[in-house]
Amino acid sequence: MDYVKPNEILKSMVEGGTAKASASAGQMLVRGFLGGAILAFATTLAFTAVSQTKIGMAGAIIFPVGFAMIVLLGLELVTGSFALIPLSVLARRASVGRMLGSFGWAIVGHILGCLVYAVLYDLTVTKMGSDMANPLAQTLISTAEAKTIAYKSMGAEGLLLVIVKAILCNWMVTLGVVMAMSSTSTIGKIAAMWLPILTFFGQGFEHAVVNMFVIPAGMMLGAKVSVGDWWLWNQIPVLVGNFIGGALFTGVMLALSQKGIKLLPGRNVPGTLDSAVSAEQSA
Amino acid sequence: MDYVKPNEILKSMVEGGTAKASASAGQMLVRGFLGGAILAFATTLAFTAVSQTKIGMAGAIIFPVGFAMIVLLGLELVTGSFALIPLSVLARRASVGRMLGSFGWAIVGHILGCLVYAVLYDLTVTKMGSDMANPLAQTLISTAEAKTIAYKSMGAEGLLLVIVKAILCNWMVTLGVVMAMSSTSTIGKIAAMWLPILTFFGQGFEHAVVNMFVIPAGMMLGAKVSVGDWWLWNQIPVLVGNFIGGALFTGVMLALSQKGIKLLPGRNVPGTLDSAVSAEQSA
Amino acid sequence: MDYVKPNEILKSMVEGGTAKASASAGQMLVRGFLGGAILAFATTLAFTAVSQTKIGMAGAIIFPVGFAMIVLLGLELVTGSFALIPLSVLARRASVGRMLGSFGWAIVGHILGCLVYAVLYDLTVTKMGSDMANPLAQTLISTAEAKTIAYKSMGAEGLLLVIVKAILCNWMVTLGVVMAMSSTSTIGKIAAMWLPILTFFGQGFEHAVVNMFVIPAGMMLGAKVSVGDWWLWNQIPVLVGNFIGGALFTGVMLALSQKGIKLLPGRNVPGTLDSAVSAEQSA
Amino acid sequence: MDYVKPNEILKSMVEGGTAKASASAGQMLVRGFLGGAILAFATTLAFTAVSQTKIGMAGAIIFPVGFAMIVLLGLELVTGSFALIPLSVLARRASVGRMLGSFGWAIVGHILGCLVYAVLYDLTVTKMGSDMANPLAQTLISTAEAKTIAYKSMGAEGLLLVIVKAILCNWMVTLGVVMAMSSTSTIGKIAAMWLPILTFFGQGFEHAVVNMFVIPAGMMLGAKVSVGDWWLWNQIPVLVGNFIGGALFTGVMLALSQKGIKLLPGRNVPGTLDSAVSAEQSA
Amino acid sequence: MDYVKPNEILKSMVEGGTAKASASAGQMLVRGFLGGAILAFATTLAFTAVSQTKIGMAGAIIFPVGFAMIVLLGLELVTGSFALIPLSVLARRASVGRMLGSFGWAIVGHILGCLVYAVLYDLTVTKMGSDMANPLAQTLISTAEAKTIAYKSMGAEGLLLVIVKAILCNWMVTLGVVMAMSSTSTIGKIAAMWLPILTFFGQGFEHAVVNMFVIPAGMMLGAKVSVGDWWLWNQIPVLVGNFIGGALFTGVMLALSQKGIKLLPGRNVPGTLDSAVSAEQSA
């Protein structure tokens, strides 16, 4: 049946990372564009649910719709790649250069997709800029400020705080990517990936791609946030934290959980990650 | 198992578009009739849910019942075809004439199906016209006015606004069609297509077929909307926006996400869309 | 996988109708008895949900439990057969006599099953007739009156109104039967058939078998409804409307949607319904 | 796929009954112990849900968790066997003696399991007897009284009332057992059996095994119920009613629905239940 | 299809226990680390849901997200192993030494994982310690106190109470592990294991691994709980109770339910647990 055992999931992670590292710049750009825009759609949907019910968990339960679309359609979230491509690099199946290239093009795509949706959504929610009464407009403004200048006002502690929240966030987001690999059935993938995504969103952690939409969307509506605030106090530290959470707690630790402490990049020794994958290849 | 990989989904999109372009006028007419009427059933169900709970998201969660029936039974929504047939044309698997014919017959079918349901539903909700106390009657009237004369009162900006909302709407609706192709299992299809449909309906975007029911149903109940208002300030710009959203953001961009920027209609060159499909054919 | 394509669904409809027309009187009687009683169980469950939550949609979401049991266990609802057996007759796979016999025995079974449940449930809800304080008793009385003497007070318009509501009802109920055929998996069948059943119940349309329980159950509790009121102002026109909705909008139109306008009973000409089924048979 | 047709379900019922009649006393005792205790877990969970939400249906929706565990793990509920073993006896696949032995050992197991859970749960809910403030304690007391002395106060009518409620209850509970046989997939079994179990619990009918926990648990907490009240006014009549509901309305009538009125225990005549099963055996 | 029969589930339990007993210390440490941390993520998610809705059951319904991730990804919860490895020892497939080693490394991993999450989460919820206004901080403090000094204040009865709650807890948690084995499909596993986990969490029983997070997390925030209180009045008795609940009520009794009272570790006699597994091995 469709359940995939943990050992096979680990192989899928390495292979998935390798495939992402091998995709062309154009593919990564378009996949990143769509991934960013679809995640933004889901973000405004979740904000709408919270606005209507006054229950944060209602937004969290509904938010994974976007993530599920992105994964099932083979699109891109750079945060997810943070757990996969580093494993491929460790397994000598991808170069550091390709990894950084993949990250870069995906991020450019995310920014473009998020900005396009932000413009279109802001026009909609304000009736072409003529009406700020929609509570969603206020939500976007206050969220953009809470995610930037609120940290800035705390100084260095704010920077640490945002990194911690980003680590916790992407620990779960990348488990979403991995959980989707636990099934070869569509309903199984949807259900499995829903769990960690709901877990992160319900607790208000910091996700780089969501922020690539929320912060500029709020800025366009009048949030008192500069481009510097956006990047220095959120986007850059969140990317750092997301990378730590994804690469360390999901990527490396899941590999260790299967292979034990012998897992070191090495001379194709039995028990190491690349030997495990190589064995698979030659089989 | 039943999950269909993105590459195969792209082929299904092209083949689905070709099949739609090849259907007879009679088939498209009947499929469009049923598609329109069933979507209208779902619309009044969603309005009922909102009326009872005062929570818009309750309507959004329940609205996809109609879309799921339409897709599973092989019926027609022209808005869905907007993402598929253009791809078939690009892949040289369908002519522009067949595409326009398919759109036309489907739209005629939608209008007929929506009008039949509108008459029957309006009779029901008003007890044969004798009682306007049902809150659903008021909902239909105010929705019909909000979707037409409210835009008209904004002039050119209203026209742009309705197009933007239609683009955002059909980006998601067509993803519903595509998501349904991500599984060969009924439960997988239902779950997958639920996600984008719920996303669009929950945020109040503009969908041409829903409007083919809501506006005339409201007009029959006394909404102050003329046929000209209906078509000029809603139906025509919404069809335009729906086409852009479906053909560009879903059709072309999903194809680019798989094939990269080499995707151009062309001389059966490896890497182009028609060569991809041709390879499939000859295999 | 388990998804059944529209073309195959159409064949299943014709074969299902043929099987129903071939069942013995005893089988139809028992299947109708159980079908009626189980639908009545679901009806009181839905009424309980509405009574507790004051939200009509809560009853609609829960009501399909009964329909799902009936379909999965191969029991009978005559309203479902209205979409299937006429197709078998058109395809020359069943006679009109067998069709009417099947309808008749099913209806007799429904009435018996509904009456048995009505007696047992009324005893329960009134504590052997000693206590009318349970709000469900009041619900049954007022529903029985709303479904009969309210229409009677409107005269001919009331008769038309009840027929229109019955058409809309069974359009959806029969889609429930058809949707169940869209999967060969139990979970797929349950999910698929839930959608149209919820759609009809949530909007208060008129279903003949539900009424065979609700009206007599209310009468036994004291509703001011005569047997004549029950049949003339509800049961007979609802059966007529249910037949129109099921046979025309689901049976014939779904067949046309697949086969196009060439679908006429005929000389085994390619493209007609019986040739389609015959081809299947000889394959 | 996993859906099991009605004809095959009937065979599974007979075979299931035969297997239950053949299990050893020790197996039945342990299975009954676990079945009783797990159902009791689910009962206190459902009471907790109702206590927190004040909506009875919330308890009904959650209660089937216990039933699903029992069925999937091959444990025992004597109420379920009421529909299966009598069919095996009719089909000459089990003796009346084995049937009664199976019922007896299962009931002994249920009582033991329910009492063990009642003691442990009562200790928990009252903090080792030191604190009666938990609303669940009050719920158990009042439910135990409502299920015994309330009927006693009605005299013979109370006895009839409890039997009627027990018939309606086990008609549904046994359909839960049968619905689980409609799928060979775990998710299909869970979904299918959920439906009738929710239906019975939501309407407050009387289930013998639930009562084997609720009444003594309430008595230990101070309910004014004697052991005689428990058995004479509830446990014995509920077992009788549960047997009628399970054996007649589910066991015999489902068999008749498939085989028609020819279904009589007999001389291996084609069309009878034992010939049907025998044919299966020799195939 | 994917449903696994009870007999096979029992074999999976023994084999699962053997595999856990054979894993390396490093694997158990990492699996325990991730298992503890992910369960802690789910705990704060559930607390958030309760805080927002004021309905305890909302937390219970959402809490199993963590358990499902742990099981599907092959990570470790020592409480689950309590039902599996003892069976392997009884079946002579694992030694007592390996069992204790596995328990020990898993517990060390749990403590590390829970502490890491506790530090990161506490930093987040208090904005780097600068703000105690978040209601979740108060929830953690009061829960930590309720789970330790409240028992201590009851003396010996408190010790018994916490053991009883721990028995009831892990009876269900281990059924979660077993239920996951009832399917080879991902969606089936998720649905099946959800049921008992929801049952335990909804009723406030005591789970050792949840407490390894909640109590120190509360202590760091200022709960008046010493390390001695934590271990003497909660962690040690909860581990004892969890072991009893898991090994006895799930492990041994489920084995007895299949094999009957002949199930004794022995001389490979037919009918005993190790003969059953051996037969499987040689087949």
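Each chain gets a letter, A, B, C, D and E, in the order it is written, and its residues are counted from 1.
In this section, contacts are C-beta pairs under 8 Å (C-beta built on N, C-alpha and C of every residue); 3 or more make two chains touch, one makes a residue touch a chain.
From a predicted model like this one, the values you see are computed outputs, not experimental measurements.
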Would you kindly tell me how far, in whole Å, the mean C-alpha position of chain D lies from that of chain B? 48
So how far apart, in whole Å, are chain C and chain D when each is placed at the average of its C-alpha atoms? 29
Junction residues of chain A - those touching two or more other chains: 1-2, 183, 185, 187-189
Among line, ring, star, complete and other, the chain contact graph is ring
Write down the ring's chain sequence, where chain C leads and chain D follows directly. C, D, E, A, B
Touching residues (chain side chain A, partner chain E) in the complex: 1-7, 9, 55-57, 154, 157-158, 160-161, 164-165, 167-168, 171-172, 175, 178-179, 182-183, 185, 187-189, 191-192, 195-196, 198-199, 202-203, 205, 249, 253-254, 256-262
Chain D partner, complex, touching residues on chain C are 1-2, 23-24, 26-27, 30-31, 33-34, 37-38, 41-42, 44-45, 48-49, 52-53, 58, 62, 65-66, 68-69, 72-75, 117, 120-121, 123-124, 127-128, 130, 183-190
